[in-house]
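As written, the chain order gives the labels A, B, C, D, E and F, with residue 1 at the start of each chain.
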Amino acid sequence: MSTLIVVDQAPYGSWAGREALDMTLSLAAFDQPAALLFIGAGVNWLRQQQAPEGIGQKSLEKNLSAAPIFGVETIMASASDCQRYGLTDANTLAGVVTVDDTKAAMAGYEQVAFAG
Amino acid sequence: MTSTPVQTPTLHILNKAPEHSRFAACLGALSPGDVLVLSENAVLALPARRNELPEGTLAVSADLSARGLEEAFAAQSIDYAELVRLTEQHPRIISW
Amino acid sequence: MSTTLSYTLVITGAPWASQAPQSALAVARELIQANHRIDRVFLYGEGIHLASALSTPPSDERNWPREWSEFLAEHSIPAVACVASALRRGLVNDAEQARYELPASNLRAPFEIAGLGEWVEGTMKSDRVLYFHGSI
Amino acid sequence: MSTLIVVDQAPYGSWAGREALDMTLSLAAFDQPAALLFIGAGVNWLRQQQAPEGIGQKSLEKNLSAAPIFGVETIMASASDCQRYGLTDANTLAGVVTVDDTKAAMAGYEQVAFAG
Amino acid sequence: MSTTLSYTLVITGAPWASQAPQSALAVARELIQANHRIDRVFLYGEGIHLASALSTPPSDERNWPREWSEFLAEHSIPAVACVASALRRGLVNDAEQARYELPASNLRAPFEIAGLGEWVEGTMKSDRVLYFHGSI
Amino acid sequence: MTSTPVQTPTLHILNKAPEHSRFAACLGALSPGDVLVLSENAVLALPARRNELPEGTLAVSADLSARGLEEAFAAQSIDYAELVRLTEQHPRIISW
């Protein structure tokens, strides 16, 4: 059963992105095919050089970068939303696959869920 | 890697108000044969954005009634029992 | 269709902040009515507040945590609040109270506290997984 | 100190509208000039014949209608948002003043606040 | 400007669902630094969860309820959770526990429980009222 | 009835992402002389909707840093102490 977890909420203003990553890592820990798709303001989770110490939070940047090591098969992001938020190859986390057609990306998974 | 497109018709249950960014994301993810059910705040799309909704869009009766819309949109109204039947018929369900 | 299906319900919206617990309960009642099986209810994120033993709405308002716990007990449905979501947000059972030396516990029976593995099992074994999110 | 409480969240999907009304009534109870402004999806609080029993909630319709009796000086709604949501004189609560210019409406109050 | 002003801070966003308590604490510290007076902190709606005595985040994460309560105690700032918001959402003190015969209380000192009148007084008497909402 | 327009310049503190309906509502409520401070999720408007923001828009430094935007938008960045000074200077403040 392949599962796609979708993140559309901006980083640090809510916990939804972290909780989505936890869900994805849990699936992977149980050897379930799992992937992440970032859309809308959610794509901003993928920017390099996040430094949330000043707001008393921990960066998710390392955790996201390490997700493939823990079995998360793909991290995708909407190409148009990345463009809208000024995310380019130069400032986006390595390993993120941008997709032009998020509808097609979603269609590739048997289950699609949001964290909140 | 399971990237073969799944062609199963999908049941989309959408509970966000039409102004919410996830509302538009849901509309953009609909394929022919999919079923869209509006629940909670999303039923407000019937008076507001009716032309953008696919034909056959359904809405939860209790949510229409709560918001004073049951009379105007009775034709699209389904109760929770009918929503359950739709979940029986659709193995693939996305809750937006 | 008269086949019995199994369902996992995931609630991520809190009572009194969202309609999620209400909508989920309405659907859950119909599932039982239609002879389906609810494998488990999983509370995640803000949804864990549904398992509070201390919620005390005005007497002329519905008490969603109480109604949910009565429904779960009546139909012997397992219900779990995600431990990571719950501890952060101040929902603890007796074991967590003891472990972290907290002044009280506030988990309402029959809800239990467990990990995301319970949700993963739902996605693997239940015929359907339904999510009930907040709407804002 | 005049206060305007603004409601932009849809009815029944969250508690913000109720909590906004409670704030407004509290101000009025202390003889503080208070008014309500509904914008965006919030205008739907003002539709007639709300019947939320089926979702286990209480209607706010009577409380809103009675607000002027308790000293709330004005209930305003954005005219364009009412139009967008199909609210007309025929299906809107009595006593609501529609305003074309919400910016000007807000400017008339010393304090402007949201419930959440 | 070196004049001392008085502030009321209203927090409506919950910890672990919003950034509101963090932003409010950062501003509150600067207000004290700048010799201003904080008349009171008022928790409303989802914001009441900041007054939980049971929040137990992982040890490598900040504990906002604890940091807030330490800050309030250090500077003798009154802090109030709205009673209507709190009771619904399962935040109660000993008095409410006794009155409603609840199994526990979970209000963190020095937070207290009181009515919206405290907020009204803030809007009347404080020079400034700052609101910290959730961002979704 | 206090409906005389208040002409005091207003400090607007906006914490919603650019996709949020309250973001647009805030931009629509700005008058000349008002000050707009973006905080929390709203700082994402700097890369996304810069052209729509009024000249002189400020953003909270800690929120820019958290989201990897401090370097690119340092010119508009203010710390919490400067935010407090803005609240001193503006008796009328709206938190969106």
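Everything below uses one rule, namely that a contact is a pair of C-beta atoms (placed from the backbone, for glycine too) under 8 Å apart; a residue touches a chain by one contact, two chains touch by 3 or more.
These numbers were taken from a predicted model, which means no experiment stands behind them.
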Check every other chain and keep only those touching both subunit B and subunit C; list them.
A, D
Pair exhibiting more inter-chain C-beta contacts, A-B or B-D
B-D
From subunit A, the most remote chain by mean C-alpha position:
D
Measuring centre to centre, with centres taken as mean CA positions, what chain is farthest from subunit E?
B
Cα-superposition angle relating the copies subunit F and subunit B, to nearest 5°
180
When centres are defined as mean Cα positions, the distance from subunit A to subunit E in whole Å is 32
What whole-number Å value describes the gap between the mean CA coordinates of subunit D and subunit E?
26
Hunt down the residues of subunit A that sit against at least two other chains at once, touch-wise.
9-10, 12-13, 15-16, 40-41, 55, 57, 111, 113-114
Subunit F residues touching 2+ other chains are 15, 17, 19-21, 40-41, 62, 95-96
Mark out which residues of subunit C touch at least two other chains, giving numbers and ranges.
16-17, 19, 23, 26, 45-46, 61, 84, 129, 131, 133-136
Across the complex, what residues on subunit C touch subunit D?
16-19, 22-23, 26, 60-62, 64, 134-136
Which residues of subunit C touch subunit A in their complex?
10, 12-13, 44-47, 84-85, 115-117, 119-121, 123-124, 129, 131, 133-134
Under the definition above, what is the set of subunit F residues touching subunit D in their complex?
1-7, 21-22, 25, 28-29, 31, 92, 94-96
For subunit B, which residues count as touching subunit C in their complex?
13, 15-17, 20, 39-42, 60, 62, 80-81, 83-85, 87-89, 91, 93, 95-96
Along subunit D, where are the residues that touch subunit B in the complex?
9-13, 40-41, 44, 47-55, 57, 84-87, 91
